[in-house]
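You will see chain A twice below: alongside chain B first, and alongside chain C after that.
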Partner chain A sequence: MTVVKHDYKGEAAAIGFTLQRKAGNDQTSPLSGLLSFRWVLVAFVLILWFVYYPIIDNFIVSTKNQDIFTGETAFVGLDNYRRLQSDPIVWTAILNNTLYAVISIVFQVFGAFVLAALIEGLDNERWRRFWRAVYFIPSAISITVTGLLFYFIYQPDIGLLDSFLTQIGLGNWSRAWLGEEHTAIYAIIAMSQWQGFGYSTLLFGIAIQKIPRELYDAAIMDGAGTWRRLWNITMPLTREMTGLMVIVTITGAFQVFNEVMVMTAGGPNNSSQVLGTWLYQQGFIENDFGYGAAVATVIFVITLLTGFAQLWYTRKRRVHL
Partner chain B sequence: MSVTLQSPEREPVDFVQMLAKVCLVTFLVSLGVIVIYPLIWMALNGFKSNSEIFGNPFALPTSFTIGNYISAWNQGIRNYIATSIIVTLGSAICTVLVSAWTAYGLTRSSLPGKPYFVGIVLGGLMLSPTVAVIPLVRMMQDLGLYNTYWALIILYTAFRIPFTTFLIRAYMLGLPRDLDEAAIMDGATEGQIFWKVILPLCKPILVSCVILHVLFAWNEYLFAMIFTSGADLQTLPVGLTSIMAKHGTNYAIVFAAMTLSALPIVIVFFAAQRFFIRGLAEGIGK
Partner chain C sequence: MKSTTFLSTTSLASFMAAGLIAGSANVALAKDPVVADPDAKVEYSGTLSILTKFGLQQLSPFFVDAAKEYEKLHPGVKVELIQESDDSVKGKTKALVASNSLPDIYFSWTGSWGENFVRGNRAVDLSKVIGPDTAWGKQLAGAAVSAFQYNGKLYGIPLYLDAKFMGYSKPLFEKAGVSEPKTFDELLTACAALRKSGVTPISFGNKEGWPAVHYAGQLLSYNVPQATLEKDFTPATADYSDPGYVLSLTQFKQLIDECSDGSGTNGSSYASALQQFSNAKSAMYYQEIIEFDQSTADGALKRDDFGYFKLPAPKDAKGDVKSIEGAPEGYMINAASKNIPLAIDFMKFVTSADNGKVLSAPPYGQPSATVGGYSADTMNPAVVGGLKVIADSSYLMPWLDTANPPRVAAAWLSGLQALIGGSQTPEQVMEQVKKAAASSK
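Entry: the complex of A and B
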């Protein structure tokens, strides 16, 4: 499931690697082949019905304007898509999703990589395990809980952040972080970094652990220092992981919903809307299913592009390896 | 150490290394505080009275009474946890079982055209629930599943099959073929090979898959919010937002409720960390 962003990471990082594996040999007689279909039947019915078909149906819905309560529908062709173009909130949302992607790449890909390298460089396995686990804790907790928690942390009256700023003498920086149009989305994105970086760090940690120790031993023999080893061994050998994480992070950033919904629901004055919350607002609050579906199509197209980028990237890497 | 005897220039290097080490530890500890302190603050606020919460946020509660926790538990958390357990376990069992069948079919059965089937299953990884949500509402209403446990169990299963199948498939590809061949020699059918030979061998990855699924299902929000409307059918994440809406002014209870919803999953994570990490490692590829 892709809404829970951290969850999506492991998932999507996985896609590419499968393609590198060969399917087992087929020695088939037609009848036993047909019988073997029973193994995949349930999964196929479920996936085609509930995962693939809704995508097609979504496009059909988007060409109609209908009301879920009266059930009346009218075919409107691509009207909903024309409306998208002239809807300023859609552009705000795309901008916010892009911000989300960019900031998450900085912290959850590059920051997490550096952090993972630092942790894996510690001498004591107990401490390595300790730090991995500590940083991961927020990722195990539901975004609803962390979203609400930061909703409170950002409050001017009871929140931690403004009190902290006042205590260190930056009291004039304090504000209602979620209540002001130009800070709301940044406050949400910051929460998301807090929650998600530990997951990426864990993934990078696993990737780094897969690097053969002999490479490092040989480099130490040759007199390579910490930075050289990081630059010449760790970086190149986790490049595949890094590339995938960039793509996965972009995909995740365009599907953000949960934290925005919990913390601001897109406000104030729609300044923190993202595509996911705008879809919800239009489809489920305004009951404009057709237009909501059109917004969903935008998300679909963007995530499809990043999905293909991921396939292309892993294929390309595979040739080089 | 002999190093110092060999080269006197070694000394400043050691100092630099020492300094680097101190910086590193300071950095790791500060980051750790940033990560953990908000969570501790959340749990502590659950012990405070409402007026204390409006006081100094860094202060400790004057007394550790569990009154707020008990009210939060009685005012919904209990029901939400029950629903979350039903949905999480139900979908975990369905997902892992169906995915194991599928992975078996895709790796070891005589199914023709396996690569295409693999493509279809794993292509599902690219499709997001957000995009499907509007059509799914109508679909679930037509099926009469709207506002039932089944809506969530079916959707969690369907959307998690691709990932879970991927993990189990990778594991099955690594199991030696001789096992099947030996079983076939003994006259075992595909079904028997699956249940008696392959499935028991896959136990480690199955456990990892259950853990990954539990983490996902326990925390899922979008589907849970849209496909359930009654208070008795809400899962924890959704229930928490209704507690927030209902007791918006009684912050102490909300904090207690948040802590109670976070606690089980943190415990599960620590208890099952090993399996969780192995699942991910498996997913990243050997």
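Entry: the complex of A and C
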């Protein structure tokens, strides 16, 4: 096992995407390069139109104040970005998104990794399949449906959670989970963990399955115990998946919208606002599309930086057998 | 998955949606006002699109049936319906405005909501076809038509009348030994007796924020003089300094704490609270007249057991104690529609006396704004009685969240949730509203 710098040329050749080269000449001719470009032209135009144009346009919108009803616009420069700094709800939203990310990393990355290792460690294939299915089923339910389901679970007094707490003698713990400012966001995050946990477990399971059994057999012969094998074999060889999951989880946490909208719509008193719902509130409730676009830019910058971090991490730490 | 692919598919593409939303706000400048011509010939051909607020299961058949009937009368016309719920119609309408895709006919509230369309020249001036001297105008309740009046011109077609009442269960009141309260203090006393009898006095769900605004609105109309309210609804003159505001919020907080589940109500929806009332788990529910039939539709509460009263006014209130919170709701014609005469013709059909009777009777129970558009024989007696109360009221207090500019409305919504939850005092809520009003000038 070695840690090596990734060879992209070799990988590209392996999947048959090298450019045609003239015999005895290592340089690609301008004509063949142009001909190759036509294959990606349609996709390139579509990406320009549907991805890059909206990003640029969004920034332009964020420098204006617009009245969507009259169509009147006024250029305000970076005023909407200055307003962001003094908007306490933006900071609440960033804090909530960050909480979402941190808690999701704990459960959906590290927790899911441990669970996947336990499931894949089972000897009986039937049981492995069973537990994979059990944990994956919540991920197959739409997030909107899950949001509604948990809305009923969290209902004060008559909801399943409060009824359960009362049944086990913890009635004084029961509360309006979604109706109190200090519990609403945690209740939503908890629902999200229930929903996403199985999916992460499944992905880690696939990564663990790819590890050759011989490594474990050799380690057992060397006298390595369960924890030693997990620490010295499973963890290093799933590092790439772990890195990917961390980034996907962080990015997802800053794009969260549906579950918050369904369960609290950002309330009570804006306590469960996240950047996505605050963007919606500004644009579609308060008619302030310029400011909403500035919030969108913040989401973009955060997810872009996270994407770069993922690029850097996976290039640096890729492990090859 | 390749890392480069990941970057482009998550970081950029995920933001694409947000970019598209904001990017779509590149709206064209509004054109000149469009005035409806009473002599225009109606071409019975083409497609007519309509955005309604009747997306709920029990209401949606009304427009479906009306569209089918109209298509049968005029085979060259196809009616396309976009049916939304009370909550979703707000976002949908703004998305359609931002993308210049408003349908030919669209739902509108009165107040600042409707004023937005007028300001942007997106609504047809209907004065010449719906004014008091016109045939159509004479068929509709004059007060309802004039609720859509802006700058002296008429822009809306009222479909039904609406107002807020406290619905109650007669058997639960009887069991607790209470009668209809006549004052605010009597209501609080009744709550104590009802709670003692083992029921929640008032079921209240405020997840959406606007249910609290409805209580507050009625109390404001009792405690703040009408002229002051109207001055404060106008961004240029708003200052929200009348002491009646803080007093109203204090009374509202007391009502929620003593009569409902208090701070927990922020976690329940308006619909859940209605269900609780229908299932006889609570004795009262503050509701719109258009919801009377839903309260007794399929729950334990029977129609004969349903009673109603106007939210009682506090003693020595400085505002108008004969007022009631409510407003007609209706439709506007898109100024950019290619077939304005046809759109007007369709709405004349929808607001006919016959269709009005269908709309006013169960299962819809939406009291028609058409003169002669309801028959007491086919309607829920409570709706008939409620209409009389509306007619006798001295002032229709508009919904706070549609009367105010969006930023002020948002301050009311979040502020009242904070008041219920105990994180803000009435004074702090009003400071928040004042700040929002100042930034909306």
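Basically, the second predicted complex is superposed on the first by the 276 of 321 C-alpha atoms of A that agree within 3 Å, B and C clash if a C-alpha of one lies under 4 Å from a C-alpha of the other, contacts with A are read in each partner's own complex, and residues count from 1 in each chain.
Heads up, the rule we're going with is that a contact is a pair of C-beta atoms (placed from the backbone, for glycine too) under 8 Å apart; a residue touches a chain by one contact, two chains touch by 3 or more.
If you're wondering where the values come from, they're calculated on a predicted model, not measured in any experiment.
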When the two structures are overlaid on chain A, which partner does A:137 contact: first (chain B), second (chain C), both, or neither? first
Could you say whether A:157 touches chain B, chain C, both of them, or neither, answering first, second, both or neither? both
I'd like to know which partner A:300 touches here: chain B for first, chain C for second, both or neither. both
In the superposed arrangement, does chain B or chain C reach more residues of chain A? B
Is A:268 touching the first partner chain B, the second partner chain C, both, or neither of them? second
By the touch definition at the top of the document, which applies to A:113: first (chain B), second (chain C), both, or neither? neither
I'd like to know which partner A:100 touches here: chain B for first, chain C for second, both or neither. neither
Between chain B (first) and chain C (second), which does A:278 come into contact with in this model arrangement: first, second, both, or neither? neither
Tell me the contact category for A:61 with respect to chain B and chain C: first, second, both or neither. both
Once the structures are superposed on A, label A:149 by its partner contacts, choosing first (chain B), second (chain C), both or neither. first
Interface residues of chain A shared between complexes with chain B and chain C: 47, 50-55, 57-58, 61, 68, 157, 251, 255, 276, 279, 283-284, 289, 292-293, 296, 299-300, 303-304, 307
Using the touch definition from the top, list the residues of chain C that touch chain A in their complex. 1, 3-4, 6-8, 10-16, 18-23, 25-30, 90-91, 94-95, 97-98, 116-117, 119-122, 206-209, 261, 263-269, 272, 406-407, 410, 413-415, 417-418, 420-421, 423-424
Please output the residues of chain B touching chain A within their complex, sorted ascending. 20, 24, 27-28, 31-32, 34-39, 41-42, 45, 53-54, 56-58, 98-99, 101-102, 104-112, 114-115, 117-118, 120-122, 124-139, 154-163, 165-167, 169-170, 173, 177, 190, 194, 212, 215-216, 218-223, 225-226, 236-238, 240-241, 244, 251, 254-255, 258, 261-262, 265-266, 268-270, 273, 277, 279-281, 283-286
Residues of chain A touching chain B in the complex: 1-4, 7, 10-15, 17-18, 20-21, 23-24, 26-30, 32-33, 35-40, 42-44, 46-55, 57-58, 61, 68, 115, 118-119, 131, 133-138, 140-145, 148-150, 152-153, 157-160, 163, 167, 194, 198, 202-203, 206-207, 209-210, 226, 241, 251, 255, 257-258, 261-262, 276, 279, 283-284, 289, 292-293, 296-297, 299-300, 303-304, 307
Touching residues on chain A, where the partner in the complex is chain C: 47, 50-55, 57-58, 61-62, 66-72, 151, 154-157, 175-181, 184, 244, 247-248, 251, 255, 264-265, 267-270, 276, 279-281, 283-289, 292-293, 296, 299-300, 303-304, 306-308, 310-311, 314-315
